[in-house]
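Below are the structure tokens for one structure; questions will follow.
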């Protein structure tokens, strides 16, 4: 149950689903038999048994992100990589408006270059990368934050794509995790933002070539993130301009 | 119940209790018949019915803040004004260590000058003040934060002591509320900090001369603050220096 | 001279110029005989005598913001109100890219709704407003910051449009000024952001109906802002994705 | 010349000087023939030729930090390691008051445990460490900040003591550098804070066993830090409580 709304928390795991459809890499079906979204959803269902966890992909009508779906969704998780440009601009704007109105958003790994993330942040969100299966260590730097609860420091990811600085993002509200890679690069791998009434958590570990989302510690971070990003109340109100009369609040005291 | 620990959340409202003992002001017993701490505790009990809410005052042995009491406390609320210097340094250091180890702390109004707050923040925590019973308006500036949930913007406090900038605090983690006063001054009236593993919320509305803590909106802010500041896990571990061997984490992968 | 580049600092004051062209309000030519941009430029020339200060308006080819102009500009000041939509999207994107590459940007008053500001910040940048010529008090809350140097606290603006919270912006890097208005509203009236390699300063006092930009204290804030936002080096490099070889930095040791 | 004050910027490099006095390590006199403070001062004199750079050590009367010395100092650099407890509390409080009043402070390496740093920050400032001469890579993560000007990313420090997270500091104003070490640990190695009117920069690379302060890139960071931390005006005013009359600012409009 959501402490905030008194009804089950509703999470939606979105995946472009192109790597799965194309069997790229060839063995993706072995470590992600239900797709990347399926693995993420399974982790959430295990750790948030009271939540309702759904999935959606690019191929569905409106990419599975219709107005009706978003209205009843508390938190969207976004995984995309090769098909960012195929996401319809109207859907991107719809997701963005829901975030500004209070919906939570978790952006995962290569989603740093998704339209919805770059439009919400305003920067290029570019970074350095190298795909040689290097060991990643994910260190906690703000242990008071609920997203870090129950998470070991470091999380050891045996093989992973390297993401390195400079990560061109605005200063985050909170820096939770910093990663190092075997090659020596570092990355701000877990960062939070607020945009409008919505909470955003970007978390980089997780890739189509490595079974990172099957690691229990990674699943714990995502479950914590979903709970943290859930809106504090049920309404979905995008901030807008107002023109109040002088002293309008006096009777409302 | 605390979502974090699975047992009731335990809050302790601390008040120096000197204004009450001295009947200063003379009518304090009318609007705060159980003392300032009693009014605050009543609000918490109303809004957090599953929590255990206790109180303590300066006159008790160890000011009611023994090691045993703190060990079982999730969040301390601190109200002090004329007796900051009477608080024993050993108790101050004990409270500070518990905060660094994860205990939540809400510092209220004139508590800005308490030893525990100034030692945790490191600055003078000085401000401008004027006690002429001016109207205070408390505006929400970060509506995504759980401390602002269900709180109207502005909260109208009909009569209150003015606290104004420059408020000499470090940059807060989050700025939640900004107040204006009838005389034109402004004040960062609701701010959060993290120190060690502990979360701190400073909230300025509330004074011994005005029945501010009887206002339901003010009580809502404090209840939200207690829930927010509660530790994310049960252990109380003050950060300390470590000297790990190279690769110590490899077996923990 | 710019401490950073060893040549004169180059500022460009941009104004849509529509209020001036339309004599709206009728007396705008009395307090702003050279236009809003002219008043701002005059203040900068007085306080930054070594700087080169130019102006540009909407009616010029490419709005006076060609690639060649931006390449040689250190800081752009942006004033717009009724013609935000008339600004060409290609020019907006060009300015945005220069900011991400290191150019400074000062966004003034109603520029909160300009395309360049909302695209860099990602939020709606909406706010509350009321135009009744209320007194605004601009309080300094971070006196260590160079933008506040030599600025009295408060600055008293005798008559000004009210801008109030909720101001829907991301958390700023630094909160420098908070304003209160006669009607009781508050506003984060001076805030800084970093986007890419560029520094942004938003400052709200200043309107087409009131001669705010003629006030020496307001001019001081803008001059300080220009100096602060000037790039730390001469190159203009937008962050971009890189794919470095493992250990690429070893020879650079 | 200081842009702020129109007179030469005055920096004071403080070193406890105990490692040098004790020839510990035995070869410290080879790479630091003028002591750690001498090496740092030489770098500053090279890069800030207009500045006045002085040094002081623990053995001098009042540790070389008398009221008269501090009054005329813009920025203190602090290096200490084995003698933190030998620093007189009155001197610590004096330095702290000058920082709150506007003096800049650079805290270096093992100075994280100095009295002046921990009292200004309020946390334990503890960290993980291991002295095996590991390679440190210092990555820039905020290239818009003047402290990063002209600094390569990464700086390669061939051999250095490892400092790792969790670094128990309050959230910094700005995170400028993140280091990785050969063993895989990461560290927020360059962070800024504001306390009162004073600016603080903590930078960790630099140790008594390795000639880190002789590296030109490290010297560049420190010179940039000194220029950034210099006060914005000449006065030294510690924030203090005030009790202004209502409307006191009206005549100052």
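As written, the chain order gives the labels A, B, C and D, with residue 1 at the start of each chain.
By definition in this document, a residue touches a chain if its C-beta (ideal position, glycine included) is under 8 Å from a C-beta of that chain, and two chains touch if they have at least 3 such contacts.
The model shown is predicted, which means the values in this text are computed figures rather than measured ones.
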Of B-C and A-C, pair with higher C-beta contact tally: A-C
Remotest chain, chain C as reference, centres from CA atoms: B
Centre-of-Cα separation between chain C and chain A, whole angstrom: 32
Separation of mean Cα positions, chain C and chain B [Å, integer]: 37
Shared-contact residues (touching 2 or more other chains) in chain A: 137, 142-143, 154, 164, 166, 171, 173-174, 184-185, 194, 196, 249
In the complex with chain D, residue positions of chain A that touch it: 135, 137, 139-143, 153-154, 164-167, 171, 174-175, 178-180, 182, 184-186, 188
Parts of chain A lying in touch with chain C, wherever the complex brings them together: 100, 119-124, 126-130, 132, 134, 164, 166, 168, 170-171, 173, 183-185, 193-196, 238-247, 249
Complex contact set, residues of chain B against chain A: 3-4, 102, 137, 142-146, 148-150, 152, 154, 156, 158, 173-174, 194, 196-199, 231-233, 249-250, 252-253
